[in-house]
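Sharing a structure here in structure tokens format.
Per-chain residue numbering starts at 1, and chain names A, B, C and D are given in the order in which the chains are listed.
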Amino acid sequence: MIKVGIVGGTGYTGAELLRLLSTHPDVELCTITSRSQAGYAVSDLFPSLRGKLELCFSASEPNRQLSFCDLVFFATPNGVAMQSVPELLQANVRVIDLAADFRLRDANLWRQWYQQGHTCPELLQQAVYGLPEMNRQAIANARLVANPGCYPTAAQLGLLPLIRQGLVSGTIIIDAKSGVSGAGRSACVDTLFSEVSESFKAYSVNGHRHLPEIRQGIARMPLSSAKPFTGEVVFVPHLTPMVRGIHATLYCPVEDDNVDLQDLYQNTFADEPFVDVLPAGSHPETRFVRGGNQCRIAIHRPQDGNTVVILCIIDNLVKGAAGQAVQNMNIMFGLDEMRGLNDVTLMP
Amino acid sequence: MIKVGIVGGTGYTGAELLRLLSTHPDVELCTITSRSQAGYAVSDLFPSLRGKLELCFSASEPNRQLSFCDLVFFATPNGVAMQSVPELLQANVRVIDLAADFRLRDANLWRQWYQQGHTCPELLQQAVYGLPEMNRQAIANARLVANPGCYPTAAQLGLLPLIRQGLVSGTIIIDAKSGVSGAGRSACVDTLFSEVSESFKAYSVNGHRHLPEIRQGIARMPLSSAKPFTGEVVFVPHLTPMVRGIHATLYCPVEDDNVDLQDLYQNTFADEPFVDVLPAGSHPETRFVRGGNQCRIAIHRPQDGNTVVILCIIDNLVKGAAGQAVQNMNIMFGLDEMRGLNDVTLMP
Amino acid sequence: MIKVGIVGGTGYTGAELLRLLSTHPDVELCTITSRSQAGYAVSDLFPSLRGKLELCFSASEPNRQLSFCDLVFFATPNGVAMQSVPELLQANVRVIDLAADFRLRDANLWRQWYQQGHTCPELLQQAVYGLPEMNRQAIANARLVANPGCYPTAAQLGLLPLIRQGLVSGTIIIDAKSGVSGAGRSACVDTLFSEVSESFKAYSVNGHRHLPEIRQGIARMPLSSAKPFTGEVVFVPHLTPMVRGIHATLYCPVEDDNVDLQDLYQNTFADEPFVDVLPAGSHPETRFVRGGNQCRIAIHRPQDGNTVVILCIIDNLVKGAAGQAVQNMNIMFGLDEMRGLNDVTLMP
Amino acid sequence: MIKVGIVGGTGYTGAELLRLLSTHPDVELCTITSRSQAGYAVSDLFPSLRGKLELCFSASEPNRQLSFCDLVFFATPNGVAMQSVPELLQANVRVIDLAADFRLRDANLWRQWYQQGHTCPELLQQAVYGLPEMNRQAIANARLVANPGCYPTAAQLGLLPLIRQGLVSGTIIIDAKSGVSGAGRSACVDTLFSEVSESFKAYSVNGHRHLPEIRQGIARMPLSSAKPFTGEVVFVPHLTPMVRGIHATLYCPVEDDNVDLQDLYQNTFADEPFVDVLPAGSHPETRFVRGGNQCRIAIHRPQDGNTVVILCIIDNLVKGAAGQAVQNMNIMFGLDEMRGLNDVTLMP
């Protein structure tokens, strides 16, 4: 059994980790910390866990109890994990951070986008970016995994086959739509039901924090051909009146008319347990992956033109957060990658 | 492995059965029939099952293939199962009908409420009403189980402790609210998104088909005391703009001031794996059981008056349909009752 | 032109007042105060008003600017209006309070339910309860109108004909369902989209502040017959995943079998501009009044039993708040009661 | 008073026309036809119109009653209007078709995209495309107006200023998101609440019927400069779980760094009563125009790159259908263009 600790389990990402880990057959959930809920039963906050999990939140002096864990997940706001991670690593505890603290390899870029200095920049090179479809081997050996953002997960999985083949020349447009749970569980007028329901909007058009992460990911994709992508990336996120789900619509200029894209995608992901290339002509719906760790992708080339359109869906809280974290844990501890991630999506 | 067949797997109840059975460790899903979808892969209709279930719909000549099954579920419209069930029973196949064909024990009552004659009234006495919390022993020995309706499941579980103790005198009000999936998956203007979203309504106020089922259930509840309930039952169902969930608000006149209702409910359901009595003062939310087979109940006595208010929630497609059917199967085949029903509810 | 001021225009009730008053042909909107938004244009906060209203929020020193108004609406939290109203009345300004400060006539009852002492109890007898269908004449002459709560509006309109005729004996059950906008526009986890969407719950079962208001309203209904209602009133509010709308389902024990209830309701409300009795057998949907000031009512007597079921819908922000306030203003200033309230409901 | 007839008033577009025309001060609604509802009161089908409109549906022998009208709106499925329009025009009745029959000027293109031959191709050149912001003068003189599609309205208004200045070189991406009412009111599994709620998808990626309409519109935009747009247009529509609203996100490659886009848009639309250019940096939400005839636009140039992003919102049933039809009527009959279109959007 892997002894697991969670720091900050009161948000949606934490709740989803709890859901997945509470039924994971190889995990012993040892400790979960929360400053605000210390002393309360987890199932008081999340009654959906009644009868599934007997655990109380403990005050957040992490390094006492957490140092006995094999693995600690951080489901905290940006900037929190970096305060505690160095000490935990020294205590030989492995770490998966679901926030952004270790996603960017460049401390200056981090400071620029997250508006605070990084407290352990020396760890940025050592941290492994936890997208298994790109970095499986490195994850297996990692002490510290930076779990990718939700938008970057969808975008990178959708772009990977095209970029690797050097097929894209020009500007990539990433028009992404997310459910509201992506905005977190903090009290906030902007995500009240009566503000968000029956409405749709773009946000952060001039620059969202996931943009540098996506750019870095594209730049680091292994190339099968000699032609790296050098174009611009435009990323516009939108808020959709639903709880879960990301739908990324990717527009890529592709000049090559002869490549069989359907084939390329199917081959690229043939051995991936969580990436499903849909039949040609499909239109994935975010509900097809609600609660599941799958990423489902469809490839279109409208009117046989020069713009390839990739439709890519994930559940932002699963493959876009907690599920991918569990997948990373499975890889780090030599388990079957699908262990504990076998749920079938609710339909409807 | 239990060899299982499903008749009529294209509605929401069928889809939910498929979700639950596809991961049930003791079930081999052998055949699923559908007139309209014969020849198509199940996962074409329900892409959420891609990679989880390799099975095609077959044409509905049930008794050929189905007679090799140990158990057949009917997830068909009312009046269909009764055409095939007698033959299957003779072939020694056990049957769980998720429709209403065998729920009422009185063929005349059935004709009155379902507007068609019953084709095998002789089976009505033999069929066991599949509410485990009332009939567990009979279910274990049953050849034919009538799976309860969604509203009757919530109403009866909420009323059982009070009725058994003979505590209710007067009129019981059942004000029930259901998600839209309860109305099924047929093309229909009334359940279009644009008709139902952002609106709330009552329906069938003058008489819903679940009313005689509830009345029959109350009349057949085992009594711990000498005083059977003789009052009226008023049942008003409402349509709520959500997909899943039933919230039954039950109003019961109770004259006894001394009974500890919280205690009564906790004791009654102490050994029930799927009934959870919430702490005093709780307000259950239907999302607490979304996708799960639990029924969660809270007991209130507002202002210490004579009206006891029971709040009772289930997922209409799980405990109110497919989950309860799987629970019944587990009981019929001597399995752990929770087998295959361990999913933790999605939150949010 | 009536010179109008609004105190506290940043919540949903305030926004709705702004919508209605900005197109009212007899109103000049002179001043609107808000501590938090002072200096900002109203249409910055509510872009739906761009081009319709050129007005900025001013700091909340109300009695300076407000004393020049003919009428001031308070759309503030409970307990705010009572601080300023006495001075405004002395300055000969008329007041409509949309909060609860002047709804209860008994200062002790107010203290008990609102957990604070009343600062001007002497005004409680003078204030007129602004339900036009009960108090039209008194409203016409009022200096201070207490605009009713949303639930009490629906409940009282639905009960009025039965109570007036002395037809109800026993316990009245009010099972009411509200959209989320009724919970206001404050930042709060409980009303986040991801908490409320796809879920349904009861709340405040043991006692909601609208209960004493409903009881007082029933007690003060004029009687056509000699038999006042002496039974209990049970009121259970529920939260529904929609923005606007209240659906009250009222259960009333009625022993008289001969009364023509449809006729009674139609006669009672024959001259009411905003109460619409639907044809017998109807099931009103809250969307039928979304954005409108109507109350629509249907009367049922299920299975010809002793329990009469009244279905009563309003838009909680219109007839349940701002629309009724405008209706009261029209009455106070001798205008046609429907003035400025002629919008047709959006469908869908 | 303009004598108005409506053919086909039972869908959402027809319902919206009824809402707008029932309160239009210069319109006398004379006749409304529907095959399926003949003889029934309009307010039986749409109870939101009770008390606002006393009219029954008549059987659809249009040309008898309709020939006495000044103007007939067709709110029928594609291919219906073209059967009756020639006769009505000969009877000196003016026509606004809300379907697609007269939107494309090329009969072959029409046949290709709508899969049926056109029965009066000679009228295609005579019909005026009813986008007032492009064709106001021609509309004023028109006998037959082709009311634009919902997506093309949003797309063309968003693109007009850039195209007119010849600023776009390369491929235009139109990523558009629509509420479900755009799919109409026909019984259909795909738009059931339980299929659409809590999910998001793209559709018709390989070619939607609005694509040729958008291309034609761009090609016919008047040019201020010498450089017509010659690039590709990619259009991907998406279905959003809300009833009303279109959000078009337009991506345009613009090489000119010196043009002040905010200024350009504000100038272009300075005199337009229904186009509102939001302050720089804004993110319009579809609810800002729910029920209103406004189009609100925001202009972004993310990271000062070469891709300009235009965010453009309308209510698909108002500016995208019935509201624009009423606007066209106002222009055709010399009325104030805003007549009958002054409603303020519901918020929330």
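Just so it is clear, a contact is a pair of C-beta atoms (placed from the backbone, for glycine too) under 8 Å apart; a residue touches a chain by one contact, two chains touch by 3 or more.
These numbers come from a predicted model, not from an experiment.
A-B versus A-C: which interface comes out with more C-beta contact pairs?
Between A-B and A-C, the larger count of C-beta pairs in contact belongs to A-B.
Among the chains, which is located farthest from chain A on the basis of C-alpha centroids?
C
How many angstrom lie between the centres of chain B and chain C, each centre taken as the mean Cα position?
Going by mean C-alpha positions, chain B sits 39 Å from chain C.
Can you check how far apart chain A and chain B are, centre to centre, with Cα atoms defining each centre and the answer in Å?
Those two chain centres are 37 Å apart.
Counting in whole Å, what is the centre-to-centre distance of chain A and chain C, each centre being its mean C-alpha position?
The answer is 46 Å.
Multi-chain contacts only, two chains or more: what residues does chain C have there?
12, 179, 181, 194-195, 197-198, 241-244, 284-285, 287, 290, 348
Could you list, by residue number, the parts of chain D that touch chain A in their complex?
Answer in residue numbers: 170-171, 173, 175, 177, 179, 194-195, 197-203, 205-207, 211, 232, 234-236, 238, 240-245, 247, 249, 251, 253, 281, 283-287, 290, 300, 302-303, 305-307, 309, 311, 348.
Would you pull the chain D residues touching chain B in the complex into a rising list?
Interface residues on the chain D side: 12, 179-181, 185-189, 191-198, 241-243.
Per the contact definition, I'd like the list of chain C residues that touch chain D in the complex.
Residues 12, 15-16, 19, 22-23, 46-52, 181, 197-198, 243-244, 276, 278, 284-285, 287-292, 294, 296, 342-348.
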